[in-house]
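Shared chain: subunit A. Partners: subunit B in the first complex, subunit C in the second.
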Partner chain A sequence: MNAPVIIDRDGLNRLISVLVGMGFQVVGPTVRDEAIVYEPLDSIKDLPEGFTDEQDGGIYRLKKRTDKALFGYSVGPHSWKKFLHPPERRLWGAEADGSDFEIKPEKLESPKFAFLGVRACEMHAIAIQDKVFINGKYVDPVYQVRRENAFFIAVNCGQAGGTCFCVSMNTGPNIEEGFDLALTEILDEDHHHFVVEVGSQQGANCLAQLTHRQARSEEVEAAKNIVAQTAQQMGRTLNTTDIKELLYENLEHPRWDEIAERCLSCANCTMVCPTCFCSTVEDVTDITGMHAERWQKWDSCFTMDFTYLHGGEVRASTKSRYRQWLTHKLASWQDQFGSSGCVGCGRCITWCPPAIDFTEEVLQIRDSATQLSEPT
Partner chain B sequence: MAGQMQPPGVNPMIPQTYRVNKFIRETHDTFSLDVVPKGGTEPMVFQPGQFNMLYAFGVGEVPISISGPKPGTQGMIHTIRDVGVVTRALHHLKKGQTLGLRGPFGSSWPIEESKGQDVVIMAGGIGLAPLRPALYALLEQRDQYGEIVLLYGVRNPEDLLFTKEFETWRGKYGVQVKLTVDTADREWRGNVGVVNTLIQRVTFDPLNTVAMICGPEVMMRFAVSELKRYGVPEQQLYVTLERNLKCAVGFCGHCQFGPAFICKDGAVFRYDKVKPFFGIREI
Partner chain C sequence: MSQISKPKLAVWKFASCDGCQLSLLDCEDDLLAVSQEIEIAHFPEASRAVMKGPYDLSLVEGSITTPHDAERIHKIRRSSKYLITIGACATAGGIQALRNFKDVNEFISIVYATPSFIDTLQKSTPISDHIKVDFELRGCPIDKGQLIEVICAFLKGRKPNTPAHSTCIECKRRGTVCVMVAQGKMCMGPVTHAGCGALCPSYNRGCYGCFGPQETTNTGSLSAQLKKMGANDDEIVRTFRGFNAYAEPFRRESELHDKKNN
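Right after this comes the complex of A and B.
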């Protein structure tokens, strides 16, 4: 679209008020309980200025930076799915009248979110959930309306996290599409500003209301270099060659048993994963028994009764649950939705209490599988 | 193509209300609900093998296959075994009462594709329910098919479903109906043993046969290997798979079976499509 422009910190702040003026609720990164989470923002004062994070298997720590960067960290425990695919919602209520009842669908609300600070892997994660909820035979209207209303201010990563592997998954760190505006934060002794790319007409309209100037070619170059550097710093890598076949052929691999000894079946990995979409429903009635409701809530393939059939669980063992999770992300997702279900954000590694590392487990299976398949 | 596209603006998670038109006691633990839409809207269009989500007020919602209308009638029939919380609540419904219904969902039996062939239907227990509409559809165009065989096994003689219809199927339509039970009682004069032992008692041309199988997973595994042994090609075997499912439209993730969603891609599958995962423990 238009050539890249430059805005400064005030411009970014002004962008928030412009969006609020357009009826958006702006949500983005902020510090809470020693983590960077996504919450409503009023101004850039709410951003995690001067913070960064240290991430590794089972480890997440906030640290102070020596500068005043606003986006100097990678992804935290939250993802945008909590806004597009709410953790819980009422689907409908029902009112009884004698032996009769009527169903009253929940009114479809139409919130307008502006997401500030969406990383490349997260843009891809949203595109992946689109395939689940709106691009198939059936459409989830709650997701659809939120998705269609959303305004995206993406941010190119200035550094990679310790568990990131977007380069392996082809999902980053460079923001490529789907955004309204995309920022690269430039910070040196003399400057603190943002190189802004425009991805939509609505993005251009917002920008028109801010003080900005055309970016010079060396500034655009500098922004590109930052992203290129980030790509060199990936904390993890994953070899995805024939990964579907590898996993399908190794459903009985002994490694699954080993993982099961460490895995707590706590479901953290699925809760933090930006593409995991499973849900369950709960039926409730009030004390009179005349009013019933049905709620939809996030669920996980690690929970107790996820596969319950009368007579018991299909996946009773932790082994089978972990196997389901990993093979779904990396293998069966391809058959179901035409892409990987993993964007390499690293959250599942960081937030796994016993630090089970997805990339390492696949590597182990790959290495021993080749050994196994060699003629004896 | 099974099922319809979702009309715009319709939330597939919201049930319609239906009225129990008829409650039919089938066996000691199994019953059928013949239901019609409240407000008398158009009868539902469905394919044999599809299922609906039935909701009992305040209790919950479960997937139940469509087992009819019977030829010449209109009500959608669901044949249900009382095994737990929701099916018990449905069991307690009486004529005139209301239930919620979403559907129809899922894939269907290959009725068209089987034309010109012999058809072997194998059912275990409640598995006959989703096969009954297939049988009705075959019999409606009886001359389009060769031999039609029904092999049906249950635990005890008292568990047999739809017994009154067997004579019509045999006499009027020339269906080879063979029954077996796991455990006989004093009056039982028929076969005892698992359902695949019945294969040797009927006539069909294996290479030109389509088999439609529904029952417990173990039963289907044995049925598949036995039919293959007789020479029925894998691409002509159809099985159903059962998994926990909450949404029936591919959103909830519960019903995954390897790459397949039981709700969208099944519950009826061509065997060769699911073969790599069939029989893997805890898949």
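Right after this comes the complex of A and C.
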């Protein structure tokens, strides 16, 4: 769209006020409980200034930086799905009326969210959830209203995390589309400013209310170099060549048994995954039996209830559940939605207590795979 | 609705601290609604006025620790249409099941001036070891919201919503940051049954496992991870020997790390 511009820290702060003035609730990264989480922001003072993170399998540590970067870290335990696809919500209530009952639909009221600090992998994750919730035959109205009203301020990653592999999944680190504004943070001895790309008319309108100037070509170049450098720092890699066939042909690989010995079936991987979308519904009544409610809650393919049908669970073993999850992410997701279900954010590796490494498991299967069948 | 047609509820106490019964009294506003829908027929903790059985629903707190209680529970079962056990004592033997790992006669000889007055069993056992139980509600103490849910569900003839998955799911739904991953704290959450709403991690503490084992526990993997984080065998034994020490997966895991057995 427009040529990139420069805003400074005050400009970013002003952007938050402008969005608040437009009726948005601005949410973004902030420090809480020794991690960087996504929560409502009032000003740039709430951002994790001078913080970074160190991540590895089963380990996340918040660290101090030597500079005052506002976005000098990679993705944390939260993802934006908690705003677009709330963890718990009431679908409807019902009141008994004699021998009949009346359904009380839930009002479709939602704050208008402005997401500040959305990374490239996360933009891709949201695009994947769009396919699930709004682009198909059955539309989730709550996701739809939240998604369509949302304003996206994306941020190019200035460094990769220890469990990042977006380059392997072709989902980053460069922000390409779907944003209203996209920032690259430039921080050196003399400067602390943001190169801003404009991705929508609404983005341009917001920018018009901030002090900004055209970016010089060397500034645009510097921003590109930062992202190119990040691409070189990926903590993990995943070879996706023929991955669907690889997994389909190795459903009985001994590695699945080995993973099952370590897997806790705790479901943390699915909860932190920005594309996992499964939910369950619970029907509740009050003590009088005159009032009932149906609630939707995040669920996971690692619970026993998930595949409970008449007579028992379809996937009773941990082996079958982990295999289902990984194979769905990387293989059957392609059949179902036309893309991979993994964006390489690395959350499932970092937040797995026994440090099961998604990329390592695929590598082990590939290295000792059943011979791939010849193309027919 | 006439008084007579209300279902009759009884609350019974065995070896326990009374905390789970108090959860019922702690229901406050909901308790009024409960008492309008059901006849609280036998609840000595709340009222000396007790009605005779049979009862439509019995809530049983506490574990079996004496020969007398081992008899008494059968009488209660016979007078109850549905019998639900509430809390870690009733569902797993409770904290007093720590005796099960030792010789109870040694305790008696040390603690009591006249050990011959003491008539106790070698082990503290859950109610389900003695009689058929219709439903077990976990927790130390139980969650009052879940208690109301279970009472409502039984009165309406539906399945209660008390998911048996890990506590981690509750942490993630409420947005709590994992204390094990982000702070390196020992946490029983991955092997523990949900139900408390993941209370302790929301206060930056590891889960103590008050709700007992989740549906698919992999205690060995958790122990291996706790060791990697620096825990020794004694600490692992103590971690698994809490309020649900005698719940099968926790008992087995603690015994694997108990020097006495190795």
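By our rule, the second predicted complex is superposed on the first by the 368 of 376 C-alpha atoms of A that agree within 3 Å, B and C clash if a C-alpha of one lies under 4 Å from a C-alpha of the other, contacts with A are read in each partner's own complex, and residues count from 1 in each chain.
The working rule: a residue touches a chain if its C-beta (ideal position, glycine included) is under 8 Å from a C-beta of that chain, and two chains touch if they have at least 3 such contacts.
Quick caveat: nothing in here was measured; it's all calculated off a predicted structure.
Touch criterion met: A:263 reaches subunit C, while subunit B stays clear of it.
Once the two complexes are laid over each other on the shared chain, residue contacts for A:315 go to subunit B alone; subunit C is not touched. Using the contact criterion defined above for the overlaid structures, shared-chain residue A:137 touches subunit B, although it does not reach subunit C.
In the superposition on chain A, contact of A:149 is made with neither subunit B nor subunit C.
Of the two partner chains, subunit C is the only one that A:350 touches; subunit B does not reach it.
Judged by the touch definition given at the top, the superposed model places A:287 against subunit C, while subunit B stays out of reach. In the superposition on chain A, A:99 makes contact with subunit B only, while subunit C stays out of contact range. Look at A:77: by the touch rule set out above, it reaches subunit C but stays clear of subunit B. In the superposition on chain A, A:229 contacts neither subunit B nor subunit C.
Across the superposed pair, subunit B and subunit C both touch subunit A at residues 283-285, 289, 305.
Of all the residues in subunit B, the ones that touch subunit A in their complex are 3, 5-6, 9, 11-17, 55, 57-61, 83-84, 94, 96-98, 100, 242-244, 246-247, 249-254, 256, 258-259, 261, 264, 276, 280-283.
Across the interface of their complex, subunit B is touched by residues 91-92, 94, 96, 99-103, 105, 108, 132-133, 136-141, 248, 251-252, 277-281, 283-285, 289, 292, 294, 296, 299, 301, 305-310, 314-317, 319-320, 324, 328, 331-332, 335-336 of subunit A. Those residues of subunit C whose C-beta lies close enough to touch subunit A in the complex are 30, 33-34, 36-37, 148-149, 151-153, 155-156, 158, 161, 163-166, 168-169, 172-184, 187, 189-191, 204, 214-216, 218, 220-222, 224-225.
Interface residues of subunit A, counted against subunit C in their complex, comprise 32-35, 37, 58-62, 77-78, 82, 87-88, 261-268, 271-272, 282-289, 297-298, 300, 302-305, 318, 350-351, 353-355.
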